[in-house]
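In the two complexes that follow, chain A is the common piece, with chain B as its partner first and chain C second.
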Partner chain A sequence: MKTKARIRIIVLINLVMIPFVFLLFLSIAGTWFFPDVLPGHWSLNAWHGLFLGNDFWWVLLKSVVLSSSIAILATAMAFFISRQLSRHRYRDILHSIAYLPYSFSPVIYAFCIQFLFIRSGLKGTYAGVLIAQLLISFPFVVLLFSKHWNHELKNQEILSMSLGASEYQTVVRVTLPLTMRLIKLSLIQTFLISWFDYGISLVIGRGIAQTAILRIYQYIAEANIAYAATASLVLLIPPVMLSIVQHKLSSNVA
Partner chain B sequence: MKRYIVVLLYLVLVLGPLLAGVVYSMLYSTGSIGLLSKGFSLVAWQNVLTDDFVKRSFLSTIFVATISLVIGVAAALFVVLKSNWLRRSGIAGIMLHIPLAFPPMVAAFLMFQLLYKGGLLSRIFYQLGLTTDIADFPGLVNDNLNIGVILCMALFVFPFFVVFFVQKMEISGMNRYVTLAASLGAGRYQTDMKIVIPLLLRHAWFNIALYWLILFGNFEIPLILGRQHPAQVSVLIGQKFTKYDLGDLPEAYAISLLYVLVVLVVFLLFLFKNRKIQAI
Partner chain C sequence: MWLEVKNISKRFDKNEVLKDISFSLEQGKTLAILGKSGCGKTTLLKIIAGIIPACEGDVFHQHKLITHLPLNKRNIIYLYQDALLFPHLNVFENIAFGLRARKLGEEEILQKANKLISELGLTGYENQNPQLLSGGQKQRVAFGRSLIVNPDCMLLDEPFSSLDFETRTTMQMFYKEMAEKFNITTVFVTHDLKEALIMGNHFAVMDSGRLTFYKDKSEFINSPETGVMQEKTFWDNINADKT
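== the complex of A and B ==
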């Protein structure tokens, strides 16, 4: 029985790893002519080129800063706003509205609202991309928090205040610690929404505000397969690590 | 008072840009504003509504999103029902989360490298003697039937629903119903068909609707793998907006509004359905 379980896990691990192995294969395949299944020679040119003779590191760093900023801003805003919304008479309708921006295709949404960014001079800037991504990630976090503000939590806050704590002390000492797991989950999810975003960065960033995923499409469009594969592998590192953390957090929340 | 200000701020942030975008698109598509505007006109709308390409683009996108979702959800249901061990293994739980880390862009890129005529699958077929020339391999990307897009979208949906169904089976207390049905003489097939699948689908209803909308509006996958004439709706809108011909912009806004209309109809339908499910 143990052997059977082990085989199943090994098969699952192999299946999950196939895309990563394929990406690694493409990133080091030198000359690879049809109909060869394996390349004529292996090469680390793409890895060298991407990290030594290219500004990819710089673009990657900008993407990390952008996605981290989105994660922090969206989570902080949603924490305070959704707490107030949960006490509103029409909270269900207000929460349902939050599904709307998330339901639209980011690229079409961006095309429809790009005039706001042109008029405000934010098109083609990182600030513009940040605001536009926030318009999608903020409602998402409101939804994530919506079910958290239940009677139990409200009662704990009332108890804290009836014992003499101020509203500020209640939020810092009671509400925040009880919400910490959800906050971590929200930080991860919003980081990933921004990290994966192509449509908004393309339209609002206009190619001037470069992100890692835009750079990958640039390599794909140039048919620069090795560079695209290498950049994709690097792009996948944060999401894979965060997915594992997210799995642990979701298990605890559940 | 403070609460009302917060609600107002929330509505401005969530609905403000959306409404502004819709109003601007309406004005632009009717020629009321824009660089080449000559006053109110419905020409762009007439062009869009009578354009066969636009109609085919919408129908094709609806078909692709629906079929991909059906394949992805059905495959996830099948795997979860046949693999009880997935729920018990900690490593399996971690492994199932890893595919969720794939952005659509990278998934589409990999699918292209696998399926195009000079791709890995075509080479393997050639080496196995199943094809004798590069042209013998069927066109699976940028093809008329959007096979590459459907496969990629189904694979994109599949891991999410596997994780979702595994979690729902764990926390919804489904085992109690299954045990009860089994003790009353129901077989495995009957409990799956009459209890597990209906309950899982009821839990998943809203996510299925949201995923349909996400697939319907997805840009990256059809951009890399899809047919370009007529393209999927999001790509078609992208093409209209990024053309150098400014005369195409009113049509681009009109098609965007048609897309918004479809999303709103589906959104309201599923919201209504979701309320009915929650009320039961």
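== the complex of A and C ==
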């Protein structure tokens, strides 16, 4: 029984890991022609080319800044606004409206709103991509926070003020610490939404405001498989790191 | 008068919850308000504390109008049925919360909080997570957290209702002792007749948003509205059955 379980785990790990191993394999495969089983030679050219002779680092840095900005802005806005919404008499209707951006696929949603971005001169700019991604991330965080603002937390805030704390002190000393776990989760989730977004970045960014994921699609379109594989592996680093952090957070809560 | 409530009325939509409530209370006294669930007791306390506004009427402290003052400027503390300790702070920090909000010096905070912790019988629990305390200990911390800021008035909304019988009796005695020691003026609402009699110096009954004030304990006991005589008859009959 133990051996069977062990085999199952090994098979499962392999199934999960195969795409990543294959990406690594593609990134160092030099020349490789059909019907050869293995490449003719191994090469680190794609790694060298991507980081030394290419602006990929620069695009990657811009993507990190963009996704981090989305994470911080969406979380900060949702922290205050969702708190107000959850105590509004029409909160159920308002929360239903927050689901609307998810009625479409992101590409269709981007096509629907692109007129506004053309008129405002934001199409093809990073500011435009940031605003468009916020329109997706912000309602997500509002919904994520919605159940958090319960009666107990409200009563704790009232009690804090009854003990003489100002509204600012109450937010800093009571509300924020009691919401910290959710804030961390929101930062991670919104970062990932922005990091892997393709549709909105493509339509609103128009290829001018480049993100790392758009660059990977560009390499694929150019049939530059080694570059695409290498860039994909690099693109995985932030999400893997965030997944580890998220896992640790969940373990602490459990 | 230390605390005066004049002609308070409250409506939620068309539902009139409080109807022209007035009473006054001297310093260091406890008014026990007896009433069934949903009679408006909690609404009255929340209006006095400044948590919700009244539709009509005013609240005075030492003849000074405080109706317009926000919750954090009234120095009147409303205590919930649950202890509602801040789970991210240890026992010491929970008790010192009000002092930190008033930006007192670290030394003064240490001295005052430690003194009160000792008086509350919580020495050794300073660094304890409040979630690990028993029901009675949690209530002690909740009282300590309020008493440390020397409030002008405490409003207690059935604070012992979630405790078992034994702890409840201990906490009733404990609060009475503390209220006397710190000369605390208290409005105590409960649906428990015995608790009202134990806790109060003054007595009132609330029914359907109206408050009936009794001039002394014997009037409260003899009034048919309070149910004290019915209760007494019940126990007398039980005794008679036994004999």
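The rule we apply is simple: the second predicted complex is superposed on the first by the 233 of 254 C-alpha atoms of A that agree within 3 Å, B and C clash if a C-alpha of one lies under 4 Å from a C-alpha of the other, contacts with A are read in each partner's own complex, and residues count from 1 in each chain.
FYI, contacts are C-beta pairs under 8 Å (C-beta built on N, C-alpha and C of every residue); 3 or more make two chains touch, one makes a residue touch a chain.
What you are looking at is a predicted structure, and each value in this text was computed from that prediction instead of being measured.
Asks: Taking the superposition on A as described, I'd like to know which of chain B and chain C A:171 touches: first, second, both or neither.
Replies: After superposition on chain A, A:171 lies in contact with neither partner.
Asks: Once chain A of both complexes is superposed, is A:152 in touch with chain B (first), chain C (second), both, or neither?
Replies: In the superposed model, A:152 contacts chain C only, not chain B.
Asks: As a test of reading the superposition: which chain, chain B or chain C, is in touch with more residues of chain A?
Replies: Comparing touch counts on chain A for chain B and chain C gives B.
Asks: Is A:12 contacted by the first partner chain B, the second partner chain C, both or neither?
Replies: Once the two structures are laid over each other on A, A:12 reaches chain B alone.
Asks: Using the superposition on chain A described above, determine whether A:64 touches chain B (first), chain C (second), both, or neither.
Replies: A:64 contacts neither chain B nor chain C.
Asks: Tell me the contact category for A:162 with respect to chain B and chain C: first, second, both or neither.
Replies: In the superposition, A:162 touches chain C alone.
Asks: Can you list the chain A residues touching chain B in their complex?
Replies: Those residues of chain A that touch chain B are 5, 8-9, 12-13, 16, 19, 22-23, 26, 34-37, 77, 80-81, 84-85, 87-88, 94, 96-109, 111-113, 115-116, 135, 138-139, 142, 192, 195-196, 198-199, 203, 213, 216-217, 220, 225, 228-229, 232, 235-236, 239-240, 242-244, 246-247, 250-251, 254.
Asks: Per the contact definition, I'd like the list of chain B residues that touch chain A in the complex.
Replies: Of all residues in chain B, those touching chain A are 2-3, 6-7, 9-11, 13-15, 17-18, 20-22, 24-25, 83, 85, 89, 91-107, 109-110, 113-114, 118, 120, 122-124, 126-127, 134, 167, 170-171, 210, 213-214, 216-220, 224, 234, 237-238, 241, 252-253, 256, 259-260, 263, 267, 271.
Asks: Which residues of chain A touch chain C once you look at their complex with the stated criterion?
Replies: Residues 152, 155-156, 158-167, 169, 173-174, 177-178.
Asks: In their complex, what parts of chain C are in touch with chain A?
Replies: Answer in residue numbers: 49, 51, 70-72, 74-78, 80, 82, 84, 86-88, 97-98, 100-102, 145-146, 149.
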